[in-house]
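To keep things simple, chains are lettered A, B and C as they appear, and every chain counts its residues starting from 1.
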Amino acid sequence: MNLFGTFGQLFAIALALVLAPLLTGWVNLCRAWLQNRSAPPLLQPYYMLHKLFLKDVVLAHGASHLFRFAPFVVFGCMALACAIIPTLSTDLPLAPAADTIALVGVFGLARIFISLAAMDIGTAFGSLGGRREMLVGFLAEPALLMVIFTTAMISQSTSVATIVETLAHRDFVIYPSLAFAGIAFTFVSFAENARVPVDNPATHLELTMIHEAMILEYSGRHLALIEWAASLKLYAYSCLGLALFFPWGIAEGASVFGLLLAIPALVAKLAIGGVLLAGIETLNAKVRIFRAPEFLGTAFLFAVLGLLVRLLLESRV
Amino acid sequence: MDLFILMLAIPLVSGALLTVVGERAWAPNLNIIASLGTFLASALLTAEIVAAGPRFAFGEMFFIDSLNVFFVALTAFVGLTTSIFSGPYMRNEQEHGRLTRPRLRLYKSMFQLFMFTMLAALTTNNLGILWVAMEAATLTTVLLVSLYRTPASLEAAWKYFILCGVGIAQALFGTILLYFAAERVLGETGNALLWTHLVDVKGQLEPAIMALSFIFLLVGYGTKVGLAPLHNWLPDAHAEGPTPVSAVLSGLLLNVALYAILRVKVLADGAIPGGFAGNLMMGFGLLTLVVAAFFLSRQKDIKRMFAYSSIEHMGLITFAFGMGGAVANFAGLLHMTMHSLTKSAIFFTVGHASQKCGTQLMEDIRGLIKINPVIGWGLMLGTLAILGMPPFGVFASEFMILTHAMKHHPWATPILLLALGVAFASIFGKVQPMVFGETQAKPLPHAPAITPVFVHLAIVLMIGLYIPPYLTRWFHEAARMLG
Amino acid sequence: MSAVSLSTQLINLFASVILLLAFAMLAQRRVLPLINLFALQGLTLCLSTLVVAFTTGQAHLYGSAALTLLLKAMLLPWILHRLVRQLQVRADVEGLINIPATMIAGIVLVMIAFNVALPISQLSSTISRGTLGIALATVMLAFLMMIIRTKAIPQVVGFLAMENGLFLAATSATYGMPMVVELGIALDVLVGVIILGVFFFQIREQFDSLDIRNLEKLKEH
């Protein structure tokens, strides 16, 4: 493990921790603009985190240890995920810790803990949210795995760094499979990050909410960690999507210049991604929870088609 | 003028002509004259081929050899007798108020076009044109099946169109695969779908592609033959369409579809070692035979019952061709001829019988022998013939198929015997009270045309007693060609 | 990067789009969008045929492409649109089984089709050989659509989509059938649709609806 790699890795994590709330703020800002509302400040998520960290934690009477540990586990999982995904550079000393399949596992672990914590108190909303979250996760995970298999088959490796390196270096070839995988990945990202067609992050309407229903009982620094983790998750998914489907600009090997160049590239890509996300959220209506399986089924369909098309058409390209 | 062109042109031109003049009083006669012309042309053509050997027409697009000439003659003959039968039959239907003049016009023109597509399918050398003609045959008959416009007939026609459409699409896929296999050997010339070219190189065709192609073609054309499990359209279409249509569907369309399978089987046998195509056909044939035999006993509608009997016989014939070899092929060809003639004769009598009694339900048809002894005897004799009673020709062919099966595929014999036994019991048990028994039916306004029935049955009887040597030679040659 | 390779990529892309449209048609519940999807599939088919024609220099494929464009992307959708207008089919189409289950059945069919086609496409030397599996899959998906739909027009669209798949198979495996055959097939399809149009009116006259669940009386008792 060389020094530069370590530095790059630490820098990537730090950048993730700093940029993630900003991305959330940026998406909220764009959404407000597109919907003709007066926008919250760009830095609103930071103020929010700051306020929450200063407040006391109020625990429910029935809360067990699990309830208190869960935010830390979730936050840890998301931070690890951000460390594994090549955001700035593919030269990541932590990358061998987990390949793409383990990455899905890390997301799954976070989901299990937050769902368990939601049910721990025993309130109706918590259980309801936890159950819905598991439903969404159970449908989204296979689709995500299929997307990852498709990319892994193109690059003959399941390591995220290798996949990104391979994809960044390919000749310009039209991969229908990659296009299908990209669409599937977008669908999954929307579901996983509690965005509009499946969940609405801006609402507390009890009949429809998923993510917000789970964290109703949290307060103080626990809530801050969970909100921060949610931002990190959005950041992680955005970066994964960018790394898999638009890998240009990510630095490879030990080069300070490359690393410096990668930062504005990443920020620009995330900014554009945020606008698109806000746009899609504005144009679509949230579907009924019973239609969510249909939405994710479509994602799964795309992912499987991508895989099959890859097997049939491109095995000799 | 070339007899071949004449044979194809007469039905085409008269079909077009009948769409214009089909409502005139003399239109039924035109229909008969056109069919007679087609039959004469094909008979003379047959004589020419028997004397001078195979020939091509329109470049290499069409051809007549010892295999299809026999189907051509049969098709033209049954077409002629059906048109004679349909004259008084359709007039009776019109007076019963079941049909109007425009629909009779549609019937006549579609009948001629149907004859054209059948003859084109039989004589084309190009397997793609064969497909086109088979599909066109479906299209011409689909409106005939729904001629009465009753809910039941519409349903039957819809089922017929959709099922046969799906089937024929499978056949097209098979044809594409066949072309694909052929192109690798014959190159990208237009010849790669010509059967005469394909048969020369059949040993070089890629076995894997040919196997897949044959499966698709068998399932596809098999749908039209009425092979189980895609036979559902057949009883409905036969029962709900006008009787002359049932007669030509059973007597001709099924034959032509089977002919298409036979042509492809020759190629598949050449390409795939180990009798793959034959085994597949034997399997489908046996399944069809058994399914049809057991459905026979549950029928209430007389035309439906005889439609199932057609399915049963098609299963038996498919099984015979599946066994292969000179004897089985001979028996298969003979059985096809006998079945065509007998079954259309039966439908003629059934048509008149149900017209007299005003119903197709067998429990309401009683005492035919008292109403009209000719019809009664016609139905009885036809039933005996189709059930394979000696001395009719069906007996000869069934006997050959059975003995051949006993010798080469003994495992199949009990199944064959059981199915034939069940079929015999159910058909005979139902026809007997219809022919004998009490009745109060009234006579028909137009005397039925009974001649076609007895001409058909006479031929069947004659072949059962004595097959003329030129016919034997002809069958032998065709059987040898099938391998 | 040579031109052949780029055209292979384009053909693969178009084939994938055709497959995707087949799925979209399977999932589409309303009649008019269904017809539009069918027209779009015809257009994609035409484009893919054009690419094959351009790359291989086979003149008759241009004819096939033009035929596809005229018939499948313009004439047939127009006829179907007219039929829908004249028959005033407004009600939504409802499948017999729910959409996710249909999709899973579709995926299974695609897998079967790909498995069947893989050994064959390896024997092919054409630039578009890979699409044979997609063609077979499209045929099978159209078949599935015909099975699950209960209304007459979607069944017919399924039937025509099956023809699209067959056409794709013809161009992908063999650079198209001989022109005579292709003209014959096109004629059959056209006549078929016209006859069906006549048929729709007959069905509606009898049943006041195009729901073919009315057509389930003839059964073995």
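In the analysis below, contacts are C-beta pairs under 8 Å (C-beta built on N, C-alpha and C of every residue); 3 or more make two chains touch, one makes a residue touch a chain.
No experiment lies behind these values; they were computed from the predicted model shown.
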Work out which chains are contact partners of both subunit A and subunit B. C
Check: interface with higher C-beta contact count, B-C vs A-C, is B-C
Which chain is in the middle, if each chain's centre is the mean of its C-alpha atoms? C
Express in whole angstrom the distance between the two chain centres, defined as the mean CA positions of subunit A and subunit B. 66
Any idea how many Å lie between the Cα centroids of subunit B and subunit C? 31
For the pair subunit A and subunit C, the C-alpha centroid-to-centroid distance in angstrom is 38
The answer for subunit C against subunit A in the complex is residues 1, 5, 8-10, 12-13, 15-17, 19-20, 23, 27, 99-100, 103-104, 106-107, 110-111, 114, 117-118, 121, 130-131, 133-134
As the complex stands, subunit C meets subunit B at residues 116, 119-120, 123-125, 136, 139, 143, 146, 152, 155, 159, 162-163, 166, 169-170, 173-175, 177-178, 180-181, 184-185, 187-188, 191-192, 195-196, 198-199, 202-203, 205-207, 212, 214-218, 220-221
Touching residues (chain side subunit B, partner subunit C) in the complex: 61, 126, 128-129, 131-132, 135-136, 139, 142-143, 146, 149-152, 154-159, 161-162, 165-166, 169, 172-173, 175-177, 179-180, 183-184, 188, 190, 192-193, 206, 208-209, 212, 236, 239-240, 295, 298, 300
Counting only contacts in the complex, subunit A reaches subunit C at residues 171-174, 176-177, 179-180, 293-294, 297-298, 300-301, 304-305, 308-309, 311-314, 316-317
